[in-house]
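Multiple structures follow.
Two complexes come next, and they have one chain in common, chain A, joined by chain B in the first and chain C in the second.
Take a look at the complex of A and B:
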């Protein structure tokens, strides 16, 4: 447990440090501090994972030694340990990119990314609905500030994002208040056995679900995402799409799989799963039509979250452990692939001097490494073997196919695969155009391009550790 | 897992083209010599390793490599007799195609990219051949799509891009269906290794419905690459690719991968017994028969040489499917041996068509008049290939047809004779005019379009001429020496004896 707390505290403290005396330091040193703290946090997360795996069950801690019921309770399960590891890894990969690419980044990025890391770590470890609210709020505010980093043109989407984020938090808080009024309890583990399917609980759950779906841009509440993610600086887009939207999703999962009474969860399951299927297709179609590169990538986030939502919905409906595994495998595989996709998109944009998809003509010749990264990461989104996306899809498909009455869901997965292939290969096919090459404005930045490829290679490497991941997630999600 | 040479050999065979491929990507464009060295080293090494494995398998050794991947589904590479048939074919033809491609692409841009993907393509094909279970097969099947796409669009013209999009739409769609079928099968029976006789016989009664659906999905998925009608649309379009790529698509890798997959599914996954129990052979047989006739008619309508050859491939590859679906041992020999025979003959034809286009700028059939006088060697190789396709003895194609016909009679499917006979007539109708024009018409009075290599001793670049001559010779030799044990026919009999437990 101590390691997990360290993994949470280190980025938070270095964030504070950078905030207080960041101006006095040179940008290079700021970046170094941030990356070093991420690295330490990553190592701590690894030890925390070992610890929880050795214990075989989730570990609980009452902060400050207060007794249960009064204390702020933290919980380290194998899932939250894995997510801690994932968060630190993503921050490390994206931090390295932000620090080493030629264009550099606004110095405020480092403090904010440390805060983001800390608040996400706190989110994975919280086991209390109000605590979760606080982490959610922190996460939202940091994310908005990060969107605004790219200057004046991003203020509008950032402001929209802020308003929506606040509204969503409000919805969530209302739900929390209702539950507190009804049960006098907000600790997840204490609340879980007591909830009943009465009107107050239903209303509370509905409000909280709306808020959370809005925050993680789940269909049909996704419209704010593409402009916000597309207008942020490249490294920030990668963090937002790869990580931030997963936070509210986690709370949604806690809420429905633990807090809500099972009967209610079974009712809402199919609704969520259908929303997921629609997200998969509608998001994919929007990505296919999108004229600009980053918007395409942002819409693909909307589509891919559909997979996760589908897995969550079916998990609630059938209570199958495979769905739980599939859900988190999707989250991790998507995070890594999306990071690569955004970094590659950003690099290609700056090298080729265009935001438009049509500007990528001939990209396999002009920016080969970045284009390769885009294609490789895209392969994982499509779910081509042996990538992480394939792993997740395989686990999801197995229970869907074993019963003939579940086959329509498998059809949804098939459709999702085809649509994802369509929008990824729309770009890839263009990049092979040799007749109308769009010449690059500046020499491609080699380091930046290779760093964009790194997460994509990792997501394809996930397949090799597939069995380990599956066992870990099967070992006990709660 | 103990690491011995029998474990590592399958991996080494894949790596022998994968590593040169990756190195080629990093080779500067101007370093042609280094690129050629890498290519040829890879090919020679691979041929050596394949020879070693062939010797091992005929001695009864087992080659198996495994790696954990999914729960209940490992990555398995296994060198069995059937796998080797395909591996040996693609390795030999890869050598020929590499030599050909070096000359064909001389002085053209982006050669490092081309040869890099070329090597990757062969690596995935060999991996697909050595795949020891359906998951591993799927993995390489999808990777093959990805490795061939850059080759199809290599020219980067609008037509090439259009063909590339069509290619992707078909193959990725097929891949998705194949995935569904394999996942469905996995949920019923898990994913054990391929075994002669299949592993589903015991389950055929209980899960008849699901097994039929899974079979249908997998055949649809494989049928895209095997170009079964109506899933063949990508193949004629893909003709815009450079000639070595066409050779690769038609003879070495892609189309063969589909046909090979069908053989695996019928013999080593479902097994003859379960396939018959579930009455799956009849629909497959009809599909193959329709493809053979329909594609032959379409070939007759084409005026472009390469397009005609493309439709001829669609038709000829379905011989394999037909032979498989007849479920008799003799027809099975015909199907498996045709995998090699069709490859040899078709690659010859494509090399020659490429030579005509490169040397004299000839693309259409009408332009072939008098070609035999200017390019006698290429035209002779072309003639051997074409006559072989028709089924003239002693060329390879005759042997396959002979076995298919006797096989059909053995299982009392007399109507197949009509299909094969009709197809032979149609083959003659669309190949003989080309041969006639080439040898017996006078050359055009106005001279040729282009006239490259006119002042040289040979009719064209020697590296363009040598590969078709060798493959033409091989197609005759495998026919003449069909009776010996080390011919493709002898090896096919060895495979079939195992499959049918004879």
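Take a look at the complex of A and C:
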């Protein structure tokens, strides 16, 4: 457990340190400290994963050594260890990009990204509903601050994000208060066997679900996401789309698969799954029509979250452990692919001096590496084999295709795939239009482009470790 | 019907009226005044519900500092915006409130689980198990006041994260004053000349606030009070002195300021890490030193809370960037 705690504490410590040192450190050194601490945190997360794999079951820690029920409990399951590892990896990849690309980044980014890392780690480890609320607040505040990093033009989306995020937190908090009033417990594992399908529980779960869906931009509560993610600096967009929206999703999963009584979970399951299916198509269509590159990528997040929501809904409806694997594979594959997509989009935007998708004509010739990253990451979003996206989609589709009565759901997934293919190929087709090239304004930044490609290569590499990932998620799921 | 019902009903009704007024008053200044009054009523209600810790915090932060913040924000608005939006209709809000309460009542009548749970039955014991546990363990926590024991020992992790919430909010605020923008961009928001009477009054009040804050902090281990309440009182003193021009800008470039902003969270986190590495586990205080540790955490936290809250309320370009 200490490794997991280290993985959580190191980014927080280095964030505080960077804030304390302020301008006494040069920007390069600031970035170096942040990246180094992320690397150490990554190693610690790896050891935590080994620890939980060796134990074969999830580890629980009563903070402060107080008895269960009084203390806040932390839980290190193989899922939370995997998510710790994933968070550190994403921060490392994006940190490297932010530190080494030519444009550089606002110095405040580093402290904030350390704080974001720590908040997410605290979220994955928490097994207490009120503690989860505080981690949600931390996550929301850092995310808003990071959107505001890009200056005046981002203030309006950041303010909207802040207000919606606070409203969503209040919804969640009201639900927690109702559950606490009803059962007198806040601990997830103590609450789980005690919940009943009565009015208070229903109301509480409904409120919390609304709040969490708003926070993780699940359809139909997604409208704040595209402006906020598109106006943030490139590295921040990648972090927000790849990681931040997954935090509330994790709480939603905890809430429905553990806290809620199974009868209620089976009722809500189809609703969530249908919302996910609509998200897939609606988000994809918006991405297809969006005029600017970053908005396209942001809408694709809305669409891709539809897969996760659908997997969650079907998990609740059928109580199939396979859906659990599909859900988290989607989260990881999408995170990596989306990081690459945003970084590539940002790089192409600055090299070609345009925000419009139409400006990407001939990009295969002018910015080949970044365009390759975009296409490769897009391939994973579509689910082309053998990418991580394919792995997740295969696990999701298998139970859907085996039973004829489930075919409508499979049809939804296929439709979603078609739409994702449409918006990715729209960009790829334009980039091959070498007849009317949009010349780059500046020489492409080689380092930045290759760093944008790195997460995309990793998501394709996920297929190599697919067996291991599936066993890990299946083994000590909860 | 007991005699206590009358003040309770009055407070509840007052709360609703204040809330309505704060949302729908035609003038923004009226709405702000009503919002501050709303905070006071909430504080009274917490006091009535036997939660003096919450009442203190609500009065200081909800009514006091938020009020100043609103007034300060209002100064930056152009005159025509001081009238709130006339087209905003409150019929929608009223209809929503009525429909929601009717739905809730209908649910209540069809499902008696609320009654079974004893939530509406005042005679039954609804003390949550957490409270029983907390009361039983106070003796081992190092402090004698159960709320402080919960905040700084049983659920210390929550409090540590709450300190980080304040810090992150401040980091967010700093992004609104980008380094590149020259300070004269913000020339309009310089503090106006204050009245002689006001600054004289501030000179008297500030030392009193500091003493009261120190007292609340000291009392926190045995009675209602503690770091958040003390910190917000100190912040109120700083805000008042700054508004009357008696306090120079709190400059972010000063390492002491940055140190006092991060001190609370840094010390708390170091204690957590130290107990995890050399002690019995994350935030498990050694029994002999727990009282001392809690008091020192509270002292550092008070400092951080005071400085962070004052920066959040009165932070300008010269405070946050220079």
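The rule is simple: the second predicted complex is superposed on the first by the 478 of 478 C-alpha atoms of A that agree within 3 Å, B and C clash if a C-alpha of one lies under 4 Å from a C-alpha of the other, contacts with A are read in each partner's own complex, and residues count from 1 in each chain.
As a working rule, a contact is a pair of C-beta atoms (placed from the backbone, for glycine too) under 8 Å apart; a residue touches a chain by one contact, two chains touch by 3 or more.
Because the structure is a prediction, the values reported are computed rather than measured.
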First, second, both or neither for A:344, with chain B first and chain C second
neither
With the two complexes superposed on chain A, say which partner A:244 touches: chain B (first), chain C (second), both, or neither.
neither
Of the partners chain B and chain C, which touch A:212 in the superposed model: first, second, both, neither?
neither
Which partner chains sit in contact with A:144 here, chain B, chain C, both or neither? Use first/second/both/neither.
second
Quick one: is A:414 in contact with chain B, with chain C, with both, or with neither? Answer first, second, both or neither.
first
Where does A:94 make contact in the superposed view: on chain B (first), on chain C (second), on both, or on neither?
neither
First, second, both or neither for A:179, with chain B first and chain C second
neither
More chain A residues in contact [chain B versus chain C]:
C
Common interface residues of chain A with chain B and chain C?
none
Using the touch definition up top, name the residues of chain A that touch chain B in the complex.
362, 364-365, 368, 379, 382-386, 391, 393-394, 397-399, 401-402, 404, 410, 414, 417-418, 421, 425, 428-430, 432-435, 463-464, 466-467, 470
Residue set of chain A touching chain C in the complex reads 2, 5, 9, 12-13, 16, 19-20, 22-24, 61, 63-67, 69-72, 74, 108, 111-112, 115, 118-119, 122, 130-131, 134-135, 137-138, 141-142, 144-145, 148-149, 151-152, 155, 162, 180-182, 184-186, 196, 198-200, 203
Quick check on the complex: what are the chain C residues that touch chain A?
107-108, 111, 113-114, 117, 119, 126-131, 133-134, 137, 153-158, 161-162, 164-165, 167-169, 171-172, 174-176, 178, 252-253, 255, 258-259, 261-262, 265-266, 269, 272-273, 276-277, 280-285
In their shared complex, at which residues does chain B touch chain A?
67-71, 75, 110, 113, 135, 138-139, 142-143, 146, 149-150, 153-158, 160-161, 164-165, 168, 172-173, 175-177, 179-180, 183-184, 186-188, 209-210
